Amino acid sequence: MSVNVIGEFIGALLILMGGIASVISVFGLIRLPDVYTRSHAATKSSTLAVLLTLSGTFLYFLFREQFVSVRVLLGIVFVFLTAPVAGHLLVRAAYRSKVELADISTEDALKEVLYKDELKNDGVSDKS
Amino acid sequence: METLITVLVGLLVTIAVYLLLSRNLIRVILGTALLSHAAHLLLMTMGNGLKKGSAPLLGENAASYVDALPQALILTAIVISFAVTAFLLVLAYRTYKKTGTDDLYALRGLDDE
Amino acid sequence: MLTITLSIFIPFLAAIFIPLIYKRIHSRHIGWFVIIVPIALFIFLASYIPSIANGSTYMHTIRWIETAGIHFTTYLDGLSLIFGLLITGVGSLVILYSIYYLSERESLGRFYVYLLLFMGAMLGVVLSDNLMVLYVFWELTSISSFLLIAFWYHRKKSRYGAQKSMLITVSGGIAMLAGFIMLQSMTGSFSVRDIVATIGQYTDEPLFLVALLLVLLGAFTKSAQFPFHIWLPDAMEAPTPVSAYLHSATMVKAGIYLVARFTPIFGGEAMWLYIVSGVGVFTLLIGSLNAVKQTDLKALLAYSTISQLGLVMSLFGLGSVALHHGYSPDSVIYTQATFAALFHLINHSTFKGALFMVVGIVDHELGTRDIRRLGGLMAFMPVTFTIALIGSFSMAGLPPFNGFLSKEMFFEALVNARNLEVFSTGTMGTLVLVVAWIASVFTFVYSMIIVFQTFFGEFHPERVEKPINEASKGMLVAPSVLAILVVGIFFFPNVIGNYLLRPAMAAIYPTFAGAEGLTPHIKAWHGFNTALWMTIGVVVLGTILYRFMRYWKGVYSFAPFKWNLDTAFNASLSWLENGSRYLTRLYMKGYLKDYLVYIFVFFVLTVGGSILYTGSYSFDFSDDSPIAINEFLIVLSMAGAALSMLFVKSRMTAIILNGVLGYSIALLFVIFRAPDLALTQTVVETVTTALFLLCFYFLPEWKKERSARKTKISNGIIAILAGTIVTVLGLAVQGNKLFESISVYFEDAYRLAGGKNIVNTILGDFRAFDTMLEVVVLFIAGIGVFTLIKLKSKKEEQDIEDQ
Amino acid sequence: MPAQLLLNLFIAFLWMTLMDEDELKFTTFFAGFLVGIGIIFFMHRFFGTQFYLRRLVKTIKLLFIFISELTQSSIVVLGQILSPKLKIKPGIFKYETVLKSDVEVTMLSLLLTLTPGSVVMEVSPEGDTLYIHAMDVEESRAGLIKQLKNFEKAIMEVTR
Amino acid sequence: MKINDVILKTVTRIVAFIILTFGVELFLSGHNNPGGGFIGGLVLSSAFVLLYLVNDIETVRKGIPFDFKKIAAIGVLLAVGSGVGSVLFGKHFLTQAFSHFDLPIFGVTELSTVILFEAGVALTVVGVVVTIILSISEDV
Amino acid sequence: MNNILVMPMIIPLLTGIILIFLRTRTNSQRVFSVLSIIATITVSIVILNKIQHEGILRLDFGGWLPPYGILFVADSFSMLLVITTSIVTGILLIYAFSSIGKQHESMFFYPFIFFLVAGVNGSFLTGDLFNLFVCFEVMLLSSYVLITMGGRKIQLVESIKYVTINVLSSWFFLIGIAYLYGTVGTLNMAHLSVRIAEVGQGPLLTVISLMFLIVFSLKAGLLLYFWLPNSYSAPPTIVAALFGALLTKVGIYAMFRIFTLIFYHETVITHTVIGIMAILTMIGGSIGALAYNDIRKIVSYNVVIAVGFILAGLAMSSEIAFQGAIYYLIHDMIVKALLFLIAGTMIYLTGKSKIEEMSGLIRNYPMLGWLFFITMLSLTGIPPLSGFIGKVYLGQGAIETGSYLLLAVAFMSGIFVLYSLLRIFLNCFWGETIINEDDDVPLKKGMLIPCVLLAIMTVAIGIGVEGLAPYVSDAARTLMNPDIYIEAVLQGNR
Amino acid sequence: MIEMMLTVSLILFSITISIAIIRIVLGPSMPDRVLALDMIGVNLIATIAVVSIILKTKAFLEVILILGILSFIGTIAFSRAIERGVIVERKRDR
């Protein structure tokens, strides 16, 4: 087995792992109770699946065609850079558009800061 | 594959037509968006066959290439439908602002006597 | 000859100059300028009498629409000469009359322009040889008539009358045009002379009879024949000179002219005879019956005109039989009818013109034309009375007036007609004879009404508007001239017969040229024959009926008289408008949805229908490329996403789903090896989504569709059918690729255009023009959006177009 | 740092011209660049700042810290998702960071968000407080704070 | 509590440049690889869209003080004008010429008039997309 | 090489673009507009005459030979329409100068007009089916903008429908092209014709041809005209006039082109359908013209009637019928523009749009009244105005082909035209004058002059028909013999 | 073997996409849906990468990057819309 074949194999393996990670995350997307927890799963999908797959692809092209794909590298960097921002923005948007936390949540440090006035006025915890 | 895509096209058309026939402006616009999706896919299937040949890039030195002409046509069509959709959208919201409704039943228009 | 052609144009030229002169001489004297035209033309045409009487004809052609065979050909023969003289002669008198009749306050410039327009048009009609040119002028007469009827356009009745006449005559004209075109299609020529010469070969063509009917439709509408006569009474809203000129002496005779002109073409056809004389006789009856019940003198004259036109028409019909049989010595029996028709045509113009002018004088002097308010005028208006008497008695068919002569000939013709072979039974002929006789009785009655109820009896000053005076001399000149003619013709009928009627007969019977007896000698006295007995009967019965009119006039209130065509016409117009409104509202509801439904239904019917009809649904899946599982899954997901769009509750969800679809399509493009497409699709989809979101700020959240279940189901059915058809057609096409695509050529892109990306070379080079325009489209959209947003009409409330 | 990089490029270019070859070669340039690195490493104290490649090293170190954290917490979260019964207690907690600049705060947030189990929800207007949603706040608060400290330290090494 | 977009803004600063560079690259490589005027223009405009999303219009305008309508117009003018240009050279309308040149730094390079045409396309796309977005956004 | 062929499209296009830069300089815009429309007209006339000497001309864009590249093909038919379009637009521009207002002028009104003209002229000239689609889009997008321009409520409401329906029709066009490309594998119209003739127009191709029938019927307003009356009633006069005069004509042109050049084999199906549609259109238009009291509506339904009338000529499909249709097409473009202008001017003067709200206008505005009168007669087909000759030829065509029902309906529709317009004339121009001397809105010269010019044209064309005859008969001959067109496109490498 | 692994991962990605669509439909909140959309975008990237390998072409590598860029922009737009309604502000008050 040449180095190339091993490289290709590793690439394919990484891709397969990416696929598995992806499915697991989407499982989380279905299973988790609220958007906040689901966002964890989604961000994982982004990072892991893409990291794995693109790395696999990169390796594959590298070994198969001796081709350094700057685009794939850039793609990886890009996902790394943007996926968390996207997650952050979405969660923030969710909270600010008053999407409720799941019942099992135990703590909400934001509420007192963000909805100070409402809390004062109502005296009741009303997140919706 | 061609058959599958053609059936998908038919489904998209069905949904688009149903949306077009609704009372809500946004639904109608969505309908037009779906219609163009369908048209582009249909145009794609009308080439020399899907997936028969490689991407039409001569640099890659393949034995055969897929039909490039429909691709060029679709590209043009995509841009045009984008232009139209943009205009239609703005038109829709201007209309809403002016008339206060997005219900096409209320937007009967010129009705004299 | 060019001069004849010019004679048509002179009135038009004059019409252009009149307004200019009128600006300077703003008075009734303008009429003196105008009158030069008809007088000069009359003299000019009269100068042809001798040569025409000797059998000459004159023709002149100006090439016009070469390719269509439409030329400006004027043709002067006996028939056109009679009409030409009538037009210019009566025209001169009418203008003379109008100079005194019309007040200076009226817009005289306009009046004379219309009148000259009409005169030119009418001359055009009678002098044109080319059918299309004839049609040009034909419609022009309708138009000038329209303008003249509505001369006082602020009156509602004037407008109504104008509209009615225009609708009826123009419609007839259009029918006639179709007939003309058919004639041309058969014979290959628009020239009447050519058609007359060759028509014999085409009489068997199916179109021949259709053309005949259509041409007659034109003639009947113009000449106010039943049932198209209804416009003529309403045309009386025009100033009286106009009524005298257009609606009795000339324009209404255009239809007669047409029948005469076309007799050589259609005359041999039995149908021509049946229709022309049938309609003529019936019109004669209807007209006279209706005339009697009128109380407005002008209306009475209008019905009388209708009736008289019917008379002339029926005579032309009878005369055509001669052509049916071909020439024989017996033909005289029939040609005599034509002769009588032509003779009566002239006579009618004289006595009816005079009568109209009389009525105009009465109206002008007293401010009313209602016979119930008139009476005893004889003492105050002796000249007028004399003219009225002459005119009426002539119309009644009494000697020593020209009407007697032609009426006698009419009866004779009818008596002869009983023996016609084409009338299958003698009873039929008898029936016509009886009808005509009855009509003549009523003609007698209404003629008496004019004279006696206006000029005899007691005068009631309180019933009229103005103090009574005899009309000014100037106004009396024109009717007097006509009255003198009425008497003069009686005594010297053969001057007319030889100089005018003979050449006209030759024109109508070109094949009988020079035949014996075509022009009979007109005699006032020809012994006690059937015709004279009939006249005597008319006088006796007419006198009785007139004396006892108040006892029988009640019959007019019976249903058949009450139900008149006018009401029918008005009702049908309003029915037409309301019906149109109803029908149009039925489908023009203003809802986008309805319009889209129409389109899709049409699509389903035509495309779907033709797929079924032609059986274009043969599929061939053998060429399909294989489907990978993941591809199948993606397509399935797309289907799911698309379907969900129908049910989602929030517009943003729908947009997200649309985005999913868009991105998935990009993936499909990747799978189908279209990198450029995938790139474009992705970006465009994103920008579109952003646009949706941008606009959502302004738009409300969408509500649940509140449509009825039935609507939803029908929408669903339409949608499914549309989708199915698109699919079926798509599959059919894939199974029936007939040719290799031209796109193989583009695979040589690098050598041809120096690019390795084929799609890009197509876009940038082979089909760069598309791309250029596509950029323009995008640009227009961009600037358009800017304009749409920034340009807002500031004063919407005051905006008048927006109601 | 930019000054050092520029200087390095200049040296490389100089090197290339000094070599005076027929055509311009990337390899020559690269060689010159290496030479430049050496020169600058010896001279960097004159600039009064760190040697610029040291940041590279620190960045790589940060990357490794991140990858290890990523792997650890990934396993935790995957386990949580896949466990037959959800036993998580999610919640939002507040963390006051010692980091100052926008870039630092951003880096910290990105890293924290990338690692499973935690998402930065808000940054206070002053930029010194992060509100973090954690998948299992009870269990992993300590771990998270440790992780945050780790990241903070590594980031500061890169940026300062 | 006011929104603090520090994370987004900081990341965008980097990302926008990546997109812009990528856009230019796509535009230039279009003749032989996927890309071209349209796609390049679209990607460039998506960078602008990003900037407008992240910052407000005023801020972006300060940084990029162009009238995008004019840019679009110049683009169209270029695209159409390149066609007219070939007329002036006595060629068929819209004839694209290409040739290989030996340039100093770049070596043997293929240069084509298509590039002018494509530049027009790209400029138009950028101009139009931004015009549309700005027009709508300013309507608030 | 005939680069001049592209000029009727490129001049307006460039003008439109350049005018964008002259946004605030209204006067420069006007001067430039007039100059460039004159240039367009001149160039078009030159081309038309060139065709008479050299036969059908073509211009292969980029020098790519058909069927691979896109090309413009100029035959007499297309050039006649191009010239008419340009002239009518020029005249309408003059009207716009005094009617549209500063606000519109500084909001790119003229550029959009020019883009519209570019699209229209391009549609007339292109020899490529997909390019026709693109040219249509240029035209449509401009029309979308123009119809909404000013943003009045009614405009917005109506343009939603207008745009949606046109989007749908463009979609039909696109999938029609897709199917056709799938079957025949080419886009060049002449090449399509050759290939279809080669294998025969089988059932499938006939079905596909019906797709195009739908598209162009929608554009032309053949049977599928329901969108038209309201849309054409909403925008400013000048725009309505442009639409009424030009837009439907493009659909008609395309219909003629496609069904004489490409799908002319199965006339039993296609042309029968067209004939039935034409009849229904004339009937629908006729009753529509009587159904409303709003003059804009009446005028719009008159557009519909003319569409049916002209396409009756296509249904007859004989050379002489084609001649009639072409004459009538040219006539209708001019006179419809005139009609819309007059209607718009009436509304401008009175502030009303219903016939029962106006009266006696002729006293205050005699010229306008007589212009309307002439228009009415011309539309009715009264000779010697321009509508006459088309009617005669069409009648001859109908008789020649035995299309009597078409003949009957077509000729009867003339009566409805007359009646519908008479209602306007009698009610609005005649009758008691109800406008006070004080309220008298002055009729601007700039509004009257264009009307006069158009009226002169209808008279001039009517009388001087022979001047047009060689062009029209050449156009009809080409339509009747597709081989002439094909030969010019596919043979010889000019 | 490699082929097999690639195919399987393609299927896995497709499954993910399908399930994510279910989440879009189910919601319940808008951020949920956008999250799922984002996830689909990411999986599309992965899919395209694998397709590129299978097709042995570099033609689609641009698409990967574009998709990354645009799903980011899309998510920003959506979260802006959810958070503030308006996604591009004229002037931010700060």
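Letters A, B, C, D, E, F and G mark the chains in the order given here, with residues in each chain numbered from 1 onward.
In the analysis below, a residue touches a chain if its C-beta (ideal position, glycine included) is under 8 Å from a C-beta of that chain, and two chains touch if they have at least 3 such contacts.
Values in this document were obtained by computation on a predicted structure and should not be read as measured data.
> Looking only at C-beta pairs in contact, point me to the busier pair out of E-F and A-G.
A-G is joined by more C-beta pairs in contact.
> Of all the chains shown, whose C-alpha centre falls nearest the centre of every protein C-alpha atom combined?
Per-chain C-alpha centroids ranked by distance to the global centroid put F first.
> Round to the nearest whole Å and give the separation of the Cα centres of subunit A and subunit E.
Centres of subunit A and subunit E (C-alpha means) sit 31 Å apart.
> Distance-wise, how many Å sit between the C-alpha centres of subunit C and subunit F, to the nearest whole number?
About 26 Å separates the centre of subunit C from that of subunit F.
> Just the number, please: Cα centre separation of subunit B and subunit G in whole Å.
For subunit B versus subunit G, the centre distance works out to 21 Å.
> Just give me the whole-number Å value for how far the CA centre of subunit B lies from that of subunit D.
Averaging C-alpha atoms per chain gives centres 44 Å apart.
> By the touch rule stated above, which residues of subunit C touch at least two different other chains?
Where subunit C meets two or more other chains at a single residue, that happens at 581, 590, 592, 596, 671, 673, 675-676, 679-680, 683-684, 686-687, 690-691, 694-695, 697-698, 726, 730, 733-734, 740-743, 746, 756-757, 763, 765, 767-771, 774, 776-786, 788-790, 803.
> Any chance you could list the residues of subunit D touching two or more other chains?
Within subunit D, residues 109-110, 120, 122, 124 contact more than one other chain.
> What positions in subunit B touch 2 or more of the other chains?
Residues 20, 25, 28, 38, 42, 45-47, 54-55, 57-59, 69-70, 75-76, 79-80, 83-84, 86-87, 90-94, 104, 107-110, 112-113 of subunit B each touch two or more of the other chains.
> Please list, in label order, each pair of chains that touches.
A-D, A-E, A-G, B-C, B-E, B-F, B-G, C-E, C-F, C-G, D-E, E-F, E-G
> In the complex formed with subunit C, which residues of subunit B make contact?
1-28, 30, 33-34, 37-38, 40-42, 44-59, 65-72, 74-76, 78-80, 82-87, 89-94, 96-97, 102-105, 107-113
> Inside the complex, what are the residues of subunit C that reach subunit B?
Where subunit C meets subunit B, its residues are 581, 589-593, 596-597, 600, 621, 623-627, 631-632, 635, 638-639, 642-643, 645-646, 651, 654-655, 658, 661-662, 665, 668-669, 671-677, 680-681, 684, 687-688, 691-692, 695, 698-700, 702-703, 705-707, 715-716, 718-720, 722-724, 726-728, 730-731, 733-734, 740-743, 746-747, 749-750, 756-759, 762-763, 767, 770-771, 774, 777-778, 780-782, 784-785, 788-789, 803.
> Considering the complex alone, what residue numbers of subunit C touch subunit F?
Touch residues, subunit C against subunit F: 63-68, 70, 132, 135-136, 139-140, 143, 150, 153-154, 156, 159, 162-163, 166-167, 170-171, 174-175, 177-178, 181-182, 184-185, 207, 576-577, 579-581, 583-585, 587-588, 590, 592, 594-596, 598-599, 602-603, 606-607, 610-611, 614-616, 726, 729-730, 732-734, 736-743, 745-746, 765-770, 773-774, 776-777, 779-781, 783-784, 786-788, 790-794, 796, 799-803.
> Applying the document's contact rule, which stretches of subunit E touch subunit D when the two form their complex?
Residue positions touching the partner: 1-4, 6-7, 9-11, 105.
> Along subunit F, where are the residues that touch subunit E in the complex?
Residues in contact with subunit E: 1, 3, 6, 10, 13-14, 17-18, 20-21, 59-63.
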